[in-house]
Structures are given as structure tokens and as C-alpha cells.
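Shared chain: subunit A. Partners: subunit B in the first complex, subunit C in the second.
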Partner chain A sequence: MTARPSTAAVRQIGPATGFFLVFFVVPLAILFAMSFWTQDGFERIPGFDLANYLKATTSRLYPAVLLRTILVGFVTAAIVVPVAYALAWLMRFTFERRGRLILGVVLISLFSGYLVRIYAWRTILGTEGLLNAALLQLGLISEPITALIFSPWAVMIVLVGLLLPLAVLPIWSAMTNVGRDHVEGARDLGATGLRLHRTIILPMVLPGVGTAFALSFVLAAGDFVVPTMVGGAQGGTMVGNLIANEFRGSGADWPMGAALAFVIMGLLVLVHLVTTRLLRVVTRW
Partner chain B sequence: MRPARDDAGSAGGSRAGRIVAALFVAVVLLYLFAPVVVTVLFSLTTSPRLSLPIEGLTLDWYREAFANPIFTIALTNSLLLAAITALVSVGLGVPFAFGLLRLRGRTRGTLVTASLLPAAVPALVLGIALAVFFSGIGVAQGLPNAAIGHILVALPFVILTLNARLETFDLSCLEAARDLGASPWQTFRDITFPLIRPSVLGAALLAAALSLDEFVVTWFNVGNQQTLPVLIWGLLRRGIDPTVNALATVVLLSLTGLVLGAALIARRRA
Partner chain C sequence: MTAPIAVEITGVEKRFGDHAVLHGIDLAIGENEFVSLLGPSGCGKTTLLRIVAGFEHATAGSVRIRGEDVTGLPPHRRPTNLVFQRGALFPHMSVAENIGYSLKLRGWPKARIAARVDELLHLVKLDGLGGRGPTQLSGGQIQRAALARALAPEPSVLLLDEPLSALDLKLRQHMQLELRAIQRALGATFIYVTHDQTEALVMSDRIAIMNAGRLVQVGTPREIYTRPASIFASDFIGETNLVTGSVAGVEEGVVTLVTPGGLRVRGSASVPLAAGSTATLSVRPEAVRLRKGDPADATPDEIGGTIAEVVYLGSRVRIEVAAPDGTLLWADLRDAETTGLERGMVVLLGWPADAAGVWPGSEGAEG
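Presenting the complex of A and B:
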């Protein structure tokens, strides 16, 4: 009886595991190996060379773009997570039954078309866009705000809208473990307002908050469509653009693109580790 | 229903607090849906330039979009990919979720986390890794490659939803069926499948929706084939084209239909 379930389990788990191994683990491993190759003209030369990584960290272009990517990703996540937290809290404890409906509506926006939402923001934020037109008509501004589009700000405005619904999910599911009695008990003991959240609620939902932060941070920093569409050539380029260009651009250099991909993923993991540590310290005060 | 208690854990508790809370939610929803409203609105207006006030309403952009021969190809390919993604990711995900049921807590937790990893890696990285892989084994870019990419994107979410729903599944009823002499196939057909059908259907619709909307992994692997998002991307790069809004609205309606369908099925079961 003990041996049979385990062989059955292996048989059932096998196909999906195999799929992940062949089409996820192996390709990533190959990509990693390729990041140590070099490229001469159109020829890729296998080998073990740190040149791409050196170029990524010391050239004039790459470090600035990497830093901007990290900053945009971090700020986006730092806006998305508190809003998602507030939303989850309100849905659970203020709107109660209607909370689930609100959650449903928020999640529907997740499936309203990735490209479409990005493109529509261009219509809203453009120099002749809806927002500028509205502000002009209201007399709040005398000429269009050009920084609304083709800037890191535009990239963050769009990313926040794309990632917020995704970040609500893990926080909401962590929040379902918080009971009304927890909240009332904490209130009776004198923890109210911000203190209630910092000392009682936040520690309880910390795993969810961590997941939400990591998801929004990684997905924001790894996006290349948003900076392509609303980032502009000047200040909005992110590392995703550079990586995409190395794979589909004219002067394609796969090894360099691969190295950039691993540099940004490494940096993301690093920043994430530091952030979760800090968050833990803050909630322990 | 319990009367609303003023101190019942709400943000402000008081009436004013509730109003502030409602306003906050309204602003967030406006932010999330503004792009959607803009797209649908401008797919129906006569003015080719996007501007207010709206001059008149028309269905011309839809007519023009559907008349584009590439649209039919892109739509067919997208639907094909969505169907394949739904079938394969459910075919792989259902046994996986059942296999998890037989495992102990720790192994199970590790496997669930591992299966979610592809969703935590940027689509860009998944896309280029697959492109490098296929080029390495000498497979030219095309729809099959894109299909693999779509399954890779959808499978973690299929496993996540199935795992959550199957947590309440009682394996002992399968043992009972076996003890009564049912073959594995009979057990599956008469007991297991009827019980899990709603969850499976919901997961399949979710997978189809993810596939229909997938652009990044597709773009790096599909070569010069078309899908709806690839077509939309091409039009966007060429400049202002109002048929984009019409195409986008078509995608939007299909996605909403699939997701609402999944939600309704999940609800009927509960």
C-alpha cells in the first residue's frame, strides 16, 4: 500500500514535470551557457568568456539602463503593493460581501488584452491625448504636459495598471486567513490605525505581500513592450528593450542578450532579498 | 445578516470612512478600466484621429478590420493555439494535480512552488530561452514553437487553480470504486471525471484566455506567422490605425467571455 501510491504519483506527475524540464529548465540552462559565448560579426563562437558580463557592467550604455530598469521596477512595485494591500483590506473588511464582486471586476481587467491596454494608455497620455485635452479644457494647464508620454513616468503609470490586479491576488488570499476576531482583538488591546497594520495584520499577510512585491518587481523590470510603446527613445529605454533587440533586432547578438537577461535576473533576486529582509525588520519593531 | 458594526475592522469604520474607501476603490477601478473604455469607445467613433468630443458612431472599423485577409489567418491561428493550449495544459495539469494529492505536505509544497516558477520569470526571458533552444535543436520558428510557449505560460496557472480545487477531493472514493471491481478507466470515466469536470473546464478556459492574449513569447518564436496579438503589434508599430481598436475589442470580448465562463463554472460548482 505504501509503494503503490508513490509509483502512481510519479506516473501522474511525470508528464508535466518532463514538459517543464525540456521546455523550461533546459532552455534556461542553454541560455545561461550561451551568455558566456562571444559573437564575431554574424558568427556565434561557443566558449567560456566573461566578456559579455564585463560589457554589461562596465560599458557606457548598459549600467545606466540596468540601473533605470531596477529603479522603474522597484518604484512600480512600491506603488502597486500598498495599493493592492489597501484594496485587499477594504474588500475583505469594509465591503465584505461586495468585496468578492470587486475582486472579480479587478481580475477581469487582467484579461482585457495586454497589448491593448498599453496602446490605449498612449491615447490617454499622449501630448494630444485625452488627459492633456481634459486638463487644458479645465484650464488647469496652459500647454500640454509632454512628460506624460515617452518617459520613465509613462512606463510606470502603465506598468502600475498592468500589474495591480496581479498583485492583489496573493495579498487577498493571505488576507483570507486574517479573521475578524484577530482585528477586533487587536483593537480591544489598543492597536489601531497604522499600528494595527504594522504590528498585527502585515506580519500575518507578509508572505502574500512578499509574493506580490516580487511578482510586480520582476514583471515590471522584465517588460519590454511597455517601454517600447510609451517609454520613448531617450529616457525610457529599459533592459528588456536591449535584450529584445539582441534577439530580433538587426545587429542581433544572442550571447550578449543572454548575459543581459541573467544580469537583470540576478539583480532582481538581490534587490528582492534585501527588500524582504527590510520588510521583516520593519514589521518586527 | 449581521447589522454593520461601526468598529468592525473597516478602514475607517465610520460613514465617512466608508465613503473614502468607496472613492478609493472607484479611483482604482477607473485607473484599471480607462484603457479598456478608451479602446471600445474609439473602435466605434467616426473620427480616425483619437479626439474628443466624439463626432459620430460607426461600425466601419470592424468592417475594415474583418476585410483584412491577414485578420482571418491571425484569428484562425489564435483560436487554434488557444484550443491546443487548453487541451495540452489540462492534459498535463490534471494528472499532475492528482499526483500531488498522493504526496506528503513537504514534497507537495516544493512541487507546487516549482511548477509556478515559469510564471515568475519574465515572458521575455521565457521567449528568448525557447527561441535559443529551438534554434539549437534545429527547429525552425513557427506555430508549433509558439504553442509550446503558450503551454509553458498557461500550465503554472492551470496547476495552481486545479491544485486549489482538488484539495477537497476525497481519494477514498476512488479506492472504493476499485474495491468494487472498477477498472482504472471505468473509475476515471464514471467517478473522477464527473467530479472534477467543472474545475477542469474552468482551468481550460483560463488557459485559452492566457493563450489568446499571449504576445511576448509568441513574438520570439512564431517566425513570420500571424496571431491576433502579433497582428495588432504590427499595426501599432506602423502608426495610427483605427482598425486596431476594433481588433482589440474583438480580443477583449473573447477574453472576457472565456474568463466569465470560467468564473460561472467555478461558481456553479460551489
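Presenting the complex of A and C:
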């Protein structure tokens, strides 16, 4: 079966591979090389120095921010994925035909734009926002809850809201492979509730769940706009903000930024591998 | 029926909104009996099966299994298991894991599950294939594995929803006999849904014919084939000639019908028929006799006609005869009986009056 790839195959995947190489692999390689350089004032000095990595893992600031980033990303993904799973299940099996309609609504929310949606969340969570106003009106609180916005929680709430539509898609797509007869077959044989999901449905949609988790985890951990907009002073800094700062403005340190980028990338890959392995163990039958 | 009753369906009705799918179904199925629910698509047979399985709930009526009322119980609390049309094996599990799934849910120890799975693999002739994944099986093997999976928890009643319909003819015929053999070997009660009358005839102890949400006739294959209770039943089971006309007279149970074109045919009435009313006669092609001869020589029991077509079917030859009024009738003869018969030849057709049934109504009317 091993044969030289046919010219047709090369012609088909060639352009995509070329694009990927030129615009992704090469820049990443350059960035990786740069992460071992050093910065002296405004000058970048090529070389091979592990100082940036040392700083990223041992300084007072960086490890704490890295940890918070991973935590925010993980908790966000851990909230987004089950909600997306439930939504996909409802779309596939409870609403059936109207499920497509829900999918359409979910997609439309993606079209409304990233910044617009963040501002929308600000108007909901703000001190004079919708939520506080409603609670005040109802007399449930006597003064606005300030913690709703400008906290790590606000960051996670907004990230969950932003990422949910993205996470629904791969799970829903995997869910279309689950037949009604698979569900009924499992029920008929005695599986109900959680056991039905753990032993039949979840394993069948595991690739979709893995994709959804990776997507929401990486996007949440890598985001630096949401923390700036709703994170405030305490919740505001994630590693994305640090990296962004290293690449712009005064005191920019590209090699440091590059090193931070690779540290967080390594950590994300690690967490993702552990999580998918864990999922596989949990759903083993 | 002398055997104890395994399943008792009483007055089951099912409506989806204003649309009634089942009208008052009463059916009792004995222990160790193989009963087929047979009917055209949309007749409600699958809905009835799903009501017995617990996936649908009857709007009215009750289902009892071995005396216990299960009408309100969900599928997993009923002593029934269902074999699905396309097997519905779980793709992330091996064949053995699929078969042992229900046993593992019941908390059986591993060794006991393994032994039971091996026993079932042997029963359905999949020895040694337990380690395969569902995608590595052929269509027939998938249905065997699905059967074994459904039999694993030893259900009181096994329900089968057209499990062979996706297989090709040869394999289907083979699997029909095998299913029947397995049912006999286990002494189990099977309810089998099919739209294929041959399948129902081959496998069933009794056939329940359904049409438009009603039971049309329940009986052994022989009873249903030889004494269909309605035009619908006679037309749906086996092949038949249908002739519609008005009742010209009834004499000692023998009815004479006259078609609009003036053709006179005779058959035995199953129900009282009023003179002048519309009725339909059904006669099986193999009951029709044929001889060469001039219409002038016809006895009162015979019809003159012209051979319109001679179709060679291997074991028999089908002769299509056009009567003077245009009515087409089939006669199935053995090859040896057809020497010298050709298209365009004038012949005489006849059948014993008791070989043809006559029912009120016209062809295509609901039975």
C-alpha cells in the first residue's frame, strides 16, 4: 500500500501545506530561535541563552501569571465543554428539527464580532449594568455588586459566553454520528442517565469533546482582550497581556515575549494531553 | 392457543396529535411463539413494537408481559430487548463488549460475562470474532452480533424491527432460517416486524397482518395464505388475481360476480353479500387451470380468453390471459403443462369455486 504520493494528491494538499509552512511553521521557528536571544536596551542580541526561560519560570511575576492563565483557561474550558455538550445533546435529540434553528442562532452570535460581544457583557455585568439594575429593582441588593465586573470571575464568565458557540460546533458535529437507535439501544439494555452518557454517548463524541476542550482552553488561556476589558486590576493580567507588552511600547523585549509564548504553549499542550488522557480513562468501558 | 400468554396487548391506541396511528389493537402472543407483525410501511407495525418495547407510550390500552402490566414502564425496566434495523452496535466497543454490555451494567463478574458472551457468539455463529470492532463486520455479522447483544440479558420477549431488511436476498433467506432455528433452540418468544410477506411466511408461527393502524387478520401462515380474511390480506400475502364486479347471485355459498365489461366469475363468499353490491374476487394464480379450447366449449365455470403473455419463471410458467372484457388474469403452471401454449392463442380458464374468495368492496379498499 505504500506508494509514492500521486501527483493529484500533491496538487491537492500542496498549496495548503505550503501556506502552512510559510506562514506558520517558519514564523514559529524564527520566534523559537529568538526566544534564546537577549535584549539590551533597544537592541536584540542573537545568541543562545536560557536566561529568558529561567526568568519565565523563577521570577516573582511570571510563574504566578502563568498559573493564573492556565487556571482561568482550564476552569473556563471545564465550564464551557459540559454546557456545550448539554446544548449539543439538546439540539440533536430533544429539539431535533428545531436543533438546526438553535445552531443558526449560535452561529449568528459568532458573526456579531468579538469586541461587540465583550462590550455587551460589560453592559450586563457592569456596576450600572443590566444585572445590577435588575437586582436593585427587585430589591434583592441595596447597592450594586462591584465584584460582577473587574474580577477573575468576570473574565471567566465573559470567556464562557464568548467560547460557548465555538465549543458547541465540534461536539454537535460529533453528535450527528450518534444515532437515535444507539441511544435507545443503550436504554433498552439498561443504561440510563449518567451511565448512558459515560459509557455510550461521551465515548462516541470524544473526538468532538477533545476538540472543543482544546479550542476553548487554548483560546481562553491565550486571550488578552477580555482580561483588559473586564478583568480590572486584580483579574486583569494573563500571560497574553504580558506577551503583548513584551512586543510593543517602551521596554519591549521580544526575546522574553517569545520565551513566554513557548512556555505557555508547552503548558497548554501538557494540560491538554493530560485532560484527554483523563477523559479516555473516565469513559473506558 | 394452549401455551401460556407471554405478551398481551389490549385495546392499544396511539395518536400523535390528531393523527391516529393505531386503533384499538388486541393481540395475545404465547410463550415460545414467533409472531410477525406484517404490513405495508406506515401501517403502525413499528409503532406497536415500540409500544411493547417501551419507547412509545400508548394513548390508550395496556401491555402485559407474563401477566405483569408494563404499560407505564420505561424500556430498561421491561423484560424485553429490541434488535434494531441496522444493528445499532456501539462503535467504540468490540463485538464482545457490545454483547456483554447489559451484563456488565447488571454487575456480573468478568468471568461470567466472558462465558456468557462466548456462548452467545457460538449461538449466532460468530465464534472467534468477539475481539473485532463493529466496522470490521459484514452486514450479516452486524445483525448476528446485534441479536446476541439483545439476547444476552435473557429477555422474556425479543423484539425485532426489520433486522434483515438491509441485507441482500440470498443472505436474508439464509438468516431467516437461522433466526427461526435460534428461536426454536432457545424456546424464546419473538415478535418480528417486517413488510416482507415471504419473510413472515417463512419464519412465523403466526402472522398478524396490519393495515392503516388496525389488525386485519391474525393466523398461521397457512391460514392466512389459504383463507385470507379480506381483499387486503389476500393481496398482501402471496400473489393473487383480483376481479371486481357486482354480485349477480349467491347460491349455496357460491357467488357470481359480473364485471362492468360483462365477464362472469365465480367464487365462495366469506361473508353474506347482497345482490347488486360491489364485491371483489381473489384467486391465486396456482389455483387457476387452463386448457386449450374454443370459448363456445366453455363450461359455466370457465372463461374464454387470449394468451397475452407467457413468462418463464424457472420452476413454473406464468401465463397472462386477457378476458374479452379486458380483465387480465394470471395462471401459474408447471413447465410441462405449458407445451404448445403461445401468445395470441385462445384458451379456457377456470378454477374451483372454493379456491376463490369473494369480499365486499372494491380492490384497493381498506380491508
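General observations
The working rule: the second predicted complex is superposed on the first by the 275 of 285 C-alpha atoms of A that agree within 3 Å, B and C clash if a C-alpha of one lies under 4 Å from a C-alpha of the other, contacts with A are read in each partner's own complex, and residues count from 1 in each chain.
Simple rule for what comes next: a contact is a pair of C-beta atoms (placed from the backbone, for glycine too) under 8 Å apart; a residue touches a chain by one contact, two chains touch by 3 or more.
This one's a predicted model, so the numbers in the text were calculated from it and none came from an experiment.
Taking subunit A as the reference chain, the count of touched residues is higher for B when subunit B and subunit C are set side by side. Contacts of A:P15 after superposition on the shared chain: subunit B is touched, whereas subunit C is not. In the superposed model, A:L31 makes contact with subunit B only, not with subunit C. By the touch criterion stated above, A:A244 is placed in contact with subunit B alone, subunit C being left untouched. In the superposed model, A:V116 lies in contact with subunit B only, and not with subunit C.
Using the contact criterion defined above for the overlaid structures, shared-chain residue A:M204 touches subunit C, although it does not reach subunit B. Applying the stated contact rule after C-alpha superposition, one finds that A:S6 touches subunit B and leaves subunit C untouched.
In the superposition on chain A, A:L189 makes contact with subunit C only, not with subunit B. In the superposition on chain A, subunit A positions 184, 187 are in contact with subunit B in one complex as well as with subunit C in the other. Residues 5-6, 8-17, 19-20, 23-24, 26-28, 30-31, 34, 83, 86-87, 89-90, 93-95, 102, 104-109, 111-121, 123-124, 128-130, 133-134, 160-161, 164-165, 180, 183-184, 187, 214-215, 218-219, 221-225, 229, 240, 243-244, 247-248, 254, 257-258, 261, 265 of subunit A are the ones touching subunit B in the complex.
The touching residues of subunit C, counted against subunit A in their complex, run 53-55, 74-76, 80-82, 84-86, 88, 90-93, 97, 101-102, 104-106, 149-150, 152-153. Considering their complex, residues 7-11, 17-18, 21, 24-25, 28-29, 31-36, 38-39, 42, 50-52, 91-93, 95-96, 98-100, 102-103, 111, 114-115, 117-118, 120-126, 128-133, 136, 148, 151-152, 155, 159, 209, 213, 215-216, 219-220, 229, 232-233, 236, 244, 248, 251-252, 255-256, 258-260, 263 of subunit B touch subunit A.
The part of subunit A that touches subunit C in the complex is made up of residues 179, 181-182, 184-192, 195, 199-200, 203-204, 206, 285.
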